[in-house]
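All chains are identified by letter, namely A, B, C, D, E and F, in their written order; residue positions are counted from 1 within each chain.
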């Protein structure tokens, strides 16, 4: 059967701060600039999850996208939306709250559950602003 | 000569229904939910066709994108736009009207005509809503 | 207290056909062209509802936008989404399924319920494609 | 001379929390739900400032939009961008950090400086998400 | 009959230069900065034309939007698209090529033809970039 | 360390003309149509630069995106923005001003400087209109 790639967008609004606690405040300011502001800032994050798989001839679907959407909401969005990425999110504990680290952590949360329903996880993309985004393909 | 990828977007507005006639209505409802509603629903579909080829040093083009646009309109858009995907479209006859199947069928319509003008077809992407899309690369 | 205007976007995907049953098929085709195709077509409709009111000093809100969103979903979106505007929607029965008529009918569904929660309905806007939209202000 | 309306978009990324300190935590949760989360959340805010004035026949401009952009950046964006609206912004001190209150406060910051350069302030619009925005016209 | 507002978007890609020939090059540079560069620059302009009228009970339309689209294309887009606004466009001759002046000139081209088909011209809006636009309402 | 892809968007507004000076005017018109208009036309170009690299565990970044943004602005945007691609841009001298050639030339300007800061250049994408774009991956 042919292989297709399906992408689902979900959104979350969260606060964060770029900060490495093993560095001094001055070093943090040098590296992260205004993104290290101690009282936090925030974004409307767009999360794009791309899965990959053979098309099921019975349904015409790679998989039911509603199930993928539910998985993403339960495992990722509920933990991030209207939350503080540095303080509130179990899978970001002890990590610098960069978009790169966030993409990798979300990949970690989603990989097994998505594979369990028989499709592959191809890409996690996070768009932070209209000018910046990160993609992670599992490598 | 360097190889570049060129993408052209075309749009069509169509009705469809997700339905496998070999299943019962109840099974269809379980699999497709509101997308199986018998009186149809519809979308503004965005179709993105990506071609690939060497840049022609005489023109600076991989190929004249107007020709690609004309091909897509004649072979695909004219058959889908302001139509019912399940009832009106020859290349979707007998197929479940999922976005996956639509992407693969459009690939089938475009591959030879695009290769005939000397470039490769790289990707057919169909965006059904701002939250969902499908990509097919011919595998 | 100052007066502000608040807009909420909701979305629905529906099929429709432009057709006046008191005209001949030929007249319908002349007026509506491909939009009168008998097997339906469809759109991703964006609905924008703008309300107007004084800001409540206790909440900082004109009104709780969650309540507005719920009203729109219950009274309008549930009836239109993944439906056929001509066949399935009680408040469009007997009307030509144009975007103009749809905007006025949605205004009719929302005006009293929104005024009941103490704010004014200012505008109903429906965007049918990226190139076309209709606004109705109640006049 | 003809009168035109000119709109300039500027952007800021900020954290905030909806909270009325004169209410109990339980009351805040009832009114604001997840928007009252104590560890903050955030948004990519889009600010649209519309000015109004006669076109200057010497320049063809209502006014030089670069000057308007500079004013908005100095008086508003620098104070909000990568900041916490509740904690860091002088013109929001003691106010509930709702989008409505933010629009009115920004109007207050901009009205005199914009009128000083000889044009009128027509509208301050703040878009918080793709689904929600507030407009204030000074009434 | 109820009154609705209908907006049609059309697009054109054009070159221009902001320059007042009655001023010195130095004065032009002071006023227009990089927009006065002698070798031109250009934009993807989005033109939004809003008409206003009673809904025709026979058609459900304020007016057939295809006719409006044709008028805009024939009278405005054909003259501007892939052209130089300063050099090629009859209705801009002798005028500074600002967005304000362009909006007023387009209003002048469209007002009578649109009124001839029995509807009112409400607004001409030109979006020059994602951050800047001009609206003209005929005053 | 995991490898991520980071994309930065920058924008420029420029005039150009598609024209091969070794061909006759008639041949140019046949190949390029309205894009060969002698008085130029223009676009709002969106430039997307994607870099690739391991995530630095000290910063959580592949690299500081501010540095990438500065590089792109200094080496590319300053030379193109509010300029004429055919006449003003050193790295386009003697080349046909097609989007393909522009993407390859920008790749040439950015490759070494980006590699010098220790990351790889993965893709240069230029979007000319909402319907057309070109991607170059260095092959």
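Assume contacts are C-beta pairs under 8 Å (C-beta built on N, C-alpha and C of every residue); 3 or more make two chains touch, one makes a residue touch a chain.
This is a predicted model, so every value here is computed, not measured.
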item: Any chain in contact with chain D as well as chain E; value: C
item: Repeat of the D-E interface, chosen from E-F, C-D or A-D (over half of contact pairs identical by residue number); value: C-D
item: Relative to chain F, chain with the most remote C-alpha centre; value: C
item: Label of the chain whose CA centroid is most distant from the centroid of chain E; value: A
item: Geometric centre distance via CA averages, chain E-chain B, whole Å; value: 34
item: Length of the line joining the C-alpha centres of chain B and chain C, rounded to whole Å; value: 29
item: In chain B, residues with contacts to at least two other chains; value: 130
item: Inter-chain touch pairs (all); value: A-B, A-D, A-F, B-C, B-F, C-D, C-E, D-E, E-F
item: In the complex with chain A, residue positions of chain D that touch it; value: 11, 13-16, 34-35, 37, 39-44, 81-84, 87-88, 129-130
item: In the complex with chain F, residue positions of chain A that touch it; value: 18, 20, 23, 31, 33, 95-98, 100-101, 103-104, 130-137, 139
item: Of all residues in chain C, those that touch chain D in their complex; value: 2-10, 55, 58-62, 64-66
